[in-house]
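Both complexes below contain chain A, partnered by chain B and then by chain C.
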Partner chain A sequence: MTHVIQVDDLRTYIKTERGVVKAVDGVSFSVDEKEVLGVVGESGCGKSITALSIMQLLPDRFASIESGSINYIPRDGNASIDIARLNPKSREMRSIRGKEISMIFQEPMTSLNPVYTVGEQIIESLLLHEKMNKKEAMMRAVELLKHVGIPDPELRVREYPHQMSGGMRQRVMIAIALSCNPRFLIADEPTTALDVTIQAQILDLMKRLQQEHDMSIMMITHNMGVVGLMCDRVLVMYLGRVVEEAKVREIFKSPLHPYTLGLLNSIPKLNPKERKKDRLIPIAGNVPDPSEIVTGCRFAPRCPRAFDKCQEEPPLIEVETGHKVRCWLHE
Partner chain B sequence: MFNYILRRILSLPVVILGVTLLIFLMMQLLSPYQLLASYIRSPEELKNKDPDVLIHTYGLDRPAGERYVKWIQNVIRGDLGWSNSANMPVKEAILARFPATLELALFAVIPVIFGGILLGSFAAMHHNRWGDHLTRIFAIVGWSLPSFVGGLLVLMIFYGVLGWFPPGRLSTWAYQIVTSDQFVNYTGMYTLDAILNGNWAIFWDALRHLIGPTLTLAYLWWAFIMRITRSSMLDTMNKDYVRTGRSKGLPERVVVKKYIRSNALIPVVTVAGLMVLGLLGGVVIVETVFDFKGLGLLTATAAQQLDYAAVLGTTMFYCFLLVIVNLIVDILYAFVDPRVRLE
Partner chain C sequence: MNEQKIITSLDDNNVLLSVSGLKKYYPITGGLFKTHVNDVKAVDGISFAIKKGETLGLVGESGCGKSTAGRTILHLNKPTAGDIKFNLDGQMVDVNQRSIKRLRRHMQIVFQDPYSSLDPRMRVDEIIEEPLKAYGMKKDERKKRVAELLEAVGLGKSHMKRFPHEFSGGQRQRIGIARALALKPSLVICDEPVSALDVSVQAQVINLLKDLQDQFGLTYLFIAHDLSVVQYVSDRIAVMYLGKIVEIASSAELFLEPKHPYTEALLSAIPLPAVDYDREQIILEGDVPSPANPPSGCHFHTRCPYRQEICSQKEPSLQNINDGHQVACHFARELSLAAAPVISAI
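What follows is the complex of A and B.
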């Protein structure tokens, strides 16, 4: 398997009034071709900042990549490009964004430009990256809308975002993201803001498109159900660090990190027998303020199984091939 | 779009009815003797006549409803009475002065709006850096400077020292040509009329006289448009769809133009409309400083001399302008914001 993206020891810091927050603090992972990688964790764990680092879309005055590398491996076997070294506004970075790597955002209601029709917004990428003329691009836009399951695409292409529902808008966002056949798609909680029934439709659509286009996806979510449905492999993040990495099957069968266990226990069970046995067990406490991190295992203050050794921060230990965990319990 | 505009136009009569009722209500504060000036056609009518007879002739002793209908009929016909201060019928006074005001407003509006938007986006793009600070200082100074000071400074530098932009509307030689038979006054706006007559000497002369007041007004109003544009751009900059635009790989220039500025312009249209209205109503101080005889001077003089007919007439005219400008702003809204169009 060849990698599409290889992130090594990425550190992205955010400057706030109270000091520097290490939002992403030494994260390493890779995504294989045609693989769907899930990234889970509560809000504030650095999932979105990791994604925005890869896209070089960080709000430039507050956040920046301090060190580490993000290697993108192009399709035709060309030498890999270290995105972390590129200037976010450079031509080189812009030719990757939208063309090689695309992104779908959490809020479909606010992610489309209200003063242009959806057609105009889809053809923007086509005109930019595919060197099409306007007429060809419009025809392609109609095809794309049809492809993402929008009825009457010939009419819808001329509509404005406010004429569409949230689910429709997210489909349009997907159409925009897929317009230039990207190799790698980052989806930042693409279904969180949608109704449950619409969520299922959108996930279904993404799964189908991933297989049709042979895309790799990095799926950011805090929903373990979405992980089970969509992903091949999972990265569990806590306070800017990877705490567990495993194949999806492994994560559900034998979760090793107490935090992963906590996340799984907070999913309501549908099976009535199971439900009677164990109640929902929430993780105690909240994600602490990242600017106040001291030393030791970052999860220790909330961990039910913390012991003396947790004063020291554990390394990422490979328990089995492909299953790594950052916890002293599995030394 | 068409439906939207049609609906706006259909609502106009209602607005106008409300406005006229309001003015009529305020007119009730005046005695019939004071109102008489709004009804007569020339001061000759008053000679050797008992005012009470005239009041009866014009129905000023009739019930309110009857008086309102009669007054509206007069207004529609353009019979606004005799202006003592201008020494001519009110209608003629307005028609003589309004072209000057309109010409000045049109000349001022273009640099103010475009310059203001450019300054505003420049400041927003350099938020909290030197470019932003300097732009804001420049604009705030203009806004804080009273126009009688700004106008006098302009006059002193560009007329007194440099001799470029003289006061008045035309030079004496040009005025003689304009009032002669060979020159056709199509609009009363000298620059436009000069072009229509093909007389370039007059055009340049009229233009030279316009630059001083235009400059004064522009410097005054830049801050107004600039500040709204700046804050609206800063607001828009952090919107999710701007990030979407960047995620497509669009160059920053396109992101600013299509994603930030086109959305930030919506509130600018509103304040620009208000500003145009203010300019069309006449700018008394600038007109005085530059001896530029427009509607503002007419109204101010009339008010000073207790010329009720002219005050009422210009008020009526101003309300009419207000309704028209608001309609234009509403239509412009639909052009900048598709959400308005389809409601």
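What follows is the complex of A and C.
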């Protein structure tokens, strides 16, 4: 398998009033060609900051990549490029961002510009990356809107974002992200703000486009259901670290990390026949404040199986081919 | 009028709340003189009853009128039309502008975002004490009750003197619940109480709500959009679409034998935390239409995979299909719809 992206020991820190938050603290993973990699974990575990690091879209006044590498492997067999070393504003980074790697966000309204029409926003990246004139780009924009399932694209292309529903705006974001045929799409909670029937539409669309375009996707979500529906492999993150990595089937059939197990047990199962019988098994406590320094296993304060050894931090160990876990129970 | 008949068939003694023909329209004004041009029909003639001690789930996509229904029942919004009756010591009392003052202590609400509903300048004990004060409880009694409530919702005495911002989302929701329970209500309307929480904390709060229900014999109207959560907490479930109830049934029956095409689609759209399960996803076309301009006939006909000619012409009424199973679809008896996908083994 050829990788599209290879992240090694990435550390992205954020300076806050209360001290430095190690939002991403030694994260390594890779994404294969045509693979959908899920990244799950509760809010604040570093999913978005990982994604923004890859895009070099960190809020630069107070967040920065401290160390590690993010290698993008181009499709033509050229040497890989370490994004972590590029200046976010450099020409090289701009030729990757939006063209090779694109991103869509949870709330399209915050990333769409309210004063430009949808069409104007789609052609922006076409004009930047492709050799097209304005008229050609506008025609392509209409095609793209059609491609992502927007009815009456010739009319819709002239509308403003606020004239559209949440689902339609997410389709527009997807159209923009796909405009230059990227190899790698990062989707940060793309359906979290949507209703379940609209979520089903968008996930269905993403799946179809992923296959048609032979894209790789990094699917960030807190919803294990979305993982089950969309992903081939999954990373589970907790407090800036990867605690488990496995094929999706493995995660559901034999989760190893107590945090993964805790997440799965917290979800109410659909079990209409015997609803009263099972009680949910939550994880104790809350995700700690990120500025609190935790030594040892970061999950230990909430872990039902913590023991002496957990005062030391366990390494991420591959226990079976492709199944890695960071826990002393699985040395 | 059909709808109202159904309601009276429930045994009144067991009914805590009954709602019939409830409407809430928000006027849309336009033009230079702000004249009334149209209405958002947020809640458009809903009828249901909740039995003592049960949990009725209310589901549907955003904008279908769930919150408006909850708030209107409590007269936090003035109803446009309809009857609301509350069982006070065996008497069905009309809930109206006048009686609500007296009834409010028996009917409380918990909101989705506890942060916006808690006064940031007040300490936790003051927040919980406030409704007790309003009802003239003496100081030492109040202190005792506050301590009891904090314990009931799983917060310690050490939390009493802190401000809301010092708490996590889950803890703030516990504070909101404690305040709602302060006056020993019998009905609690929970408006998306766990939607903003992370799953591990969501499970804590769901368990808490269940424990409190057992402990104090509470009755819940549980509003949510997450069907797995609703299925888990509810005895019966009502499904709303564009201001109307399209189906009500016991939780099990709704998931195993849905009779409305919209319910079927909602169930099939739930992403399950599993691989290899049987499912054929029904992907509905289009967006939810605007409640200011709902489609003619059956409001769902623009997205319904089973629509026929009559569906755009005539509005189906909510009818009894089975004992306690009500559906508003012209073809409810004919269609054979798919049950919710189930994970066979985990």
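As a convention for this text, the second predicted complex is superposed on the first by the 326 of 331 C-alpha atoms of A that agree within 3 Å, B and C clash if a C-alpha of one lies under 4 Å from a C-alpha of the other, contacts with A are read in each partner's own complex, and residues count from 1 in each chain.
Basically, a contact is a pair of C-beta atoms (placed from the backbone, for glycine too) under 8 Å apart; a residue touches a chain by one contact, two chains touch by 3 or more.
Quick caveat: nothing in here was measured; it's all calculated off a predicted structure.
Applying the stated clash criterion after superposition on chain A shows that chain B and chain C can sit side by side. For chain A, the partner touching the most residues, choosing from chain B and chain C, is C. In the superposition on chain A, contact is made by A:112 with chain B only, not with chain C. Using CA centres, the angle subtended at chain A by chain B and chain C is 80 degrees, rounded to a multiple of 10. By the document's definition of touching, of the two partners only chain C reaches A:204; chain B does not.
Touch criterion met: A:99 reaches chain B, while chain C stays clear of it. In the superposition on chain A, contact is made by A:128 with chain B only, not with chain C. Least inter-chain distance for chain B and chain C in the combined superposition, rounded to the nearest angstrom, is 7, based on C-alpha atoms. On chain A, the patch touched by chain B and the patch touched by chain C do not overlap at any residue.
Contacts from chain A toward chain B in the complex involve residues 55, 57, 89, 93-99, 102-103, 105, 107, 110-117, 124-125, 128-129, 160, 162-163, 173, 176. Across the interface of their complex, chain A is touched by residues 61-62, 168, 170-171, 198-204, 206-207, 210, 225, 227-229, 231-233, 251-252, 254-256, 265-266, 268-276, 281, 283-284, 286-288, 340-343, 346 of chain C.
Those residues of chain A that touch chain C in the shared complex are 42-43, 151, 165, 167-168, 195-201, 203-204, 222-229, 248-249, 252, 262-273, 275, 279-283, 286-287.
Of all residues in chain B, those touching chain A in their complex are 239-241, 243-252, 258-259, 262-263, 336-339, 342.
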